[in-house]
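Heads up, the next two complexes both have chain A, just with different partners, chain B and then chain C.
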Partner chain A sequence: MPSVVIHNVRELRERYEKVLVVGEGAYGRVLKATERITKEIVALKSIPLCSGDKEGFPISTIREINQLKTFNHNNVLSLRYLLLVSDTKEGWATCSRSEAYLVFDYVPHDLTGIISDPGILMNEASIKSYMQQLLTAVVHVHSFGSMHCDIKSSNVLVKYDGTVKLADFGLARFKNPNPNVTYCNNVVTRWYRPPELLLGDNKYNEKIDVWAVGCILAEFMDRRPIYPGSDEKDMCARIFSMMGVPTNSTWNNVEGLKLYRVMTSGIAKGPSLRDHFASFRGFVVVDLLEALLQIDPNKRISAEQALRHPWFSQAPEPSKSALKLPTESRNESWVKKQFAEQEKRRMQSHQQQMLRNGNRKRSIDTLNASQPPPKKQQKITNTVRYNGHTITNTIH
Partner chain B sequence: TIEEEKYVLNSRIVQIKGICDTMGYPPHVYATAAVFFKRLLLIHSTLEFDLLKVALTCIYMSCKVEDVQNKLCVFLDRIERNFRIGVKPHEILKMELILLEKLQFQIMVHHPFKALCNFIDDADFASSLRKNSVGDVYLES
Partner chain C sequence: KEEQDYHRKMGSILPRLTNQYITRHRATCSEWLLQLAENMNACSGTVHMSCQLMDRFLSKCPQFPRLQYQLLAATCFWVSCKREESDHVSAQLNISNLITYCYDQFKKEHFIYMEELLLNTLEWKLSEVSPVQFLHLYSSSICEADRERVVACA
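Up next is the complex of A and B:
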């Protein structure tokens, strides 16, 4: 894979025509751009090189490049080029606006967008195909002794023809052969974080990715995230109320984990996973889901075993093209825009209602005050949901 | 001449090894740093860069690649204390980008250590098996 060095911003502009900013995160921005010569649409992930911490080229980017160069798989988004852009002619000035760009193929959709678009009707064949492709990608990644550490629906991109591309290896890392090595606990976006991480384990393994895949499958079935916790404690409450609080007898040495006492106190028993998906009763898919969302990582199946699950060989056959995808992109930023618009509309109607209420007598207002309007309640859940999407992980 | 260049190179690599050992880094950090250094000087003459800076940058980058926690200022502090070499952080940062560019981001280095270590582990395991089985056979006969 070639890397291209461009010595000033003008050259970059000559090469690529910027179309729009697709996403923004802790690392920098993702731009959609057209390559002028080949007319291909690419995604540019920009990494500023003049960050304040004076550590030079970010280590997370070094890891990402290493990971991406290792993988070569149809379902993993591959790196095309690397660009280094400096705005001084004579070389690299340390505190100039130097940037590195990772150039990827542009993939229009992601699963967040597809799942939250009410206009797209899901069918089992396509879900099966997406899950199968996602799992093959995960198996490929794991086969190199690597962990993705940030699987979530917005990092699973989908092409127009239904090909799934696993993206964003910014947190991914190779597993150390030494079993006593500890890893950073603060990985994986909160809603997809498995119980072992929530309980403060720092000797986790690649099963954390399997949990996240399970969360995505549940998201497909429900059309909303299964554990949209507002913080770590809430996440634990949601998971354990569904699965039961783990003890040493159900999960070896779980009570020795750092946050076990804090996280497992005061959890009420809620409906179990099977009750939650009661409408899918008798379907094989619930078996798979249960195996993926097993709270004990040692009992959780591996991605490879998941791929051999009978659900994938059952009718209907997995089919990439069973789902008609819209030509407009349905991705995370689209979802955010939709939320923002909904929010605006809701605020406006709320304001109008307030105005109308204000014209009435005060006594009615005080009567109403004891019962907050249901709209407000809705608003709160929505912002929580919105926040969940914007959470970006701190990279260590 | 080529001989002289070779001599300079080797002495620098020995220096890299010395620094890595004093800093207490694991051996693959030294190995990766040495590979970076050699790769850069494959395409460039020894006269083009300040080789000391290049060597330090190689070590610093190799720490990043091999997942060894290392803060730049702490690293340079220790270098200064142990070797009386004063290098400013921005010089290293500048060199780092040049190094990355020249290496074309080929920063994944596969060392034979890993395979060798695994092989020794396996061999240990196998030999212990064999010892036991040989012992068994010996006992039986």
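Up next is the complex of A and C:
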């Protein structure tokens, strides 16, 4: 990977034609752009540089590039090159506003978009293929002694032909060979955080990625996130009401974890995982899901074991192309736009309804307007999801 | 001559370093880095990595001015902290601290420029294998009691 240094912003504009902003978050922006010479579409991930307290390259960037240079796998989104734009003069000059971009291939879809689009009909062969590719990528990452630490459906990108690309290694890090080293507890987007992180463990291992993969599998089966908790406490309530509250006898030393007492108080028993997926009764996939979503990380299977699960060798065979993907991109920003539009429509109809209420009290019109309850129900869950996404972005 | 050929072949792995650096300055720099690490409560792996980064950088830029070795060493330490140190240490280490540790010889901009130079020269490859990793590997196959001793010796 060569790193290309460009000396001013004009040169950047000559090189790339910006198409649109694909994603925006605390980490910076992701732009979709066309390279003018080769006409290739690329994604530019901006790195906040020299802003605020000027601490050089951010830790996440150094780690991300370092990780990306280590991996070489078809299912891991590879870095083309690093683009440094600086307005600095040569030599030991003062650093004026400069930018840096990581340049990746542009991948149109992600799993959030594919799962939320009601127009896409899922089938088992394609789900199996996506899961298999995702797990191979995770096995590859883990084989280097590294952890991704932010697996979620919007970080799993899908090309038109159905090839899965695992992306965003901003939180990824290598495991220290010393078993006593502690890591930052605040990793992984909330809905995909495993119980050990929620309970305040800071000596976790690569099994946290396996939990997140399990959450994605559940999301495929349900077409919505399995644990969309509104905060850490709610996350624990949702997980433990399904799986049961862990004790020292079911999970070695769990009661010694920092937040154990706070997080496990007042949890009501809810339907179990098998009850939740009752419509899948008798399917082998529930077996795999249960193994991936094991609350005790020591009992949770590794990504490699998951790949050998009988589900993958059963009919129907995994097939990349079983699912016809739309030509327009279906990704997280598309989902957000859909929710924003829905919200706007809802507000408008609400306003109209208010007006009607004001003009003609108790007319048949108002009864009609407030009629369809199932749709409304859907909207409510959608807004919750949307909120979840905005919050997840602030976590970064 | 054979040795030179060997070094040329292994260019990216075995850094070619100037004699003067090896005999005189390397020890001073490492000692300073060890002190720095002790002050910061950083783990030994970070020091090993900083030394390695420095060796690799100097093998690529043998002309690097001797007077800036401290800046280079501090920046190497800074980068390896960012890469592998647990979070309380890397949060503690910022430019103003580094400036103090270097007795105010350098400015903020120097560090930022040096960091970019270092990373670009090494092509952002920071994951070269270090001897300490082998020690950890070997020690993981020894029983628990011996492990502490081996790592302490290292």
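Convention: the second predicted complex is superposed on the first by the 357 of 396 C-alpha atoms of A that agree within 3 Å, B and C clash if a C-alpha of one lies under 4 Å from a C-alpha of the other, contacts with A are read in each partner's own complex, and residues count from 1 in each chain.
In this section, a residue touches a chain if its C-beta (ideal position, glycine included) is under 8 Å from a C-beta of that chain, and two chains touch if they have at least 3 such contacts.
Note that the structure is predicted; figures quoted are calculated from it, not measured.
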When the two structures are superposed on chain A, do chain B and chain C clash or fit side by side? clash
For A:Asn178, decide between first (touching chain B), second (touching chain C), both and neither. second
Kindly classify A:Leu84 by the partners it touches after superposition: chain B alone (first), chain C alone (second), both, or neither? both
If we overlay the two complexes on their shared chain A, which of chain B and chain C does A:Pro118 touch? Say first, second, both or neither. neither
Would you sort A:Gly282 into first (chain B), second (chain C), both or neither based on which partner it touches? neither
Touch test for A:Pro310: chain B only (first), chain C only (second), both, or neither? neither
By the touch definition at the top of the document, which applies to A:Gly266: first (chain B), second (chain C), both, or neither? neither
Can you pull the chain A residues that chain B and chain C both touch? 1-3, 5, 54-57, 59, 62, 65-66, 69-70, 82, 84, 92-95, 173, 176-177
Using the touch definition up top, name the residues of chain A that touch chain B in the complex. 1-3, 5, 49, 54-57, 59, 62, 65-66, 69-70, 82, 84, 86, 91-95, 98, 173, 176-177
Interfacial residue positions of chain B with respect to chain A in the complex: 60-61, 64-65, 67, 71-73, 89-90, 92-94, 96-98, 100-101, 104-105, 107-108, 114, 117-118
Quick check on the complex: what are the chain A residues that touch chain C? 1-3, 5, 50, 53-57, 59, 62-63, 65-66, 69-70, 82, 84, 88, 92-95, 173-174, 176-178, 181-184
Chain C - residues contacting chain A, complex: 43, 45, 78-79, 82-84, 86-87, 90, 94-95, 108-113, 115-116, 119-120, 123-127, 133, 136-137, 140, 151
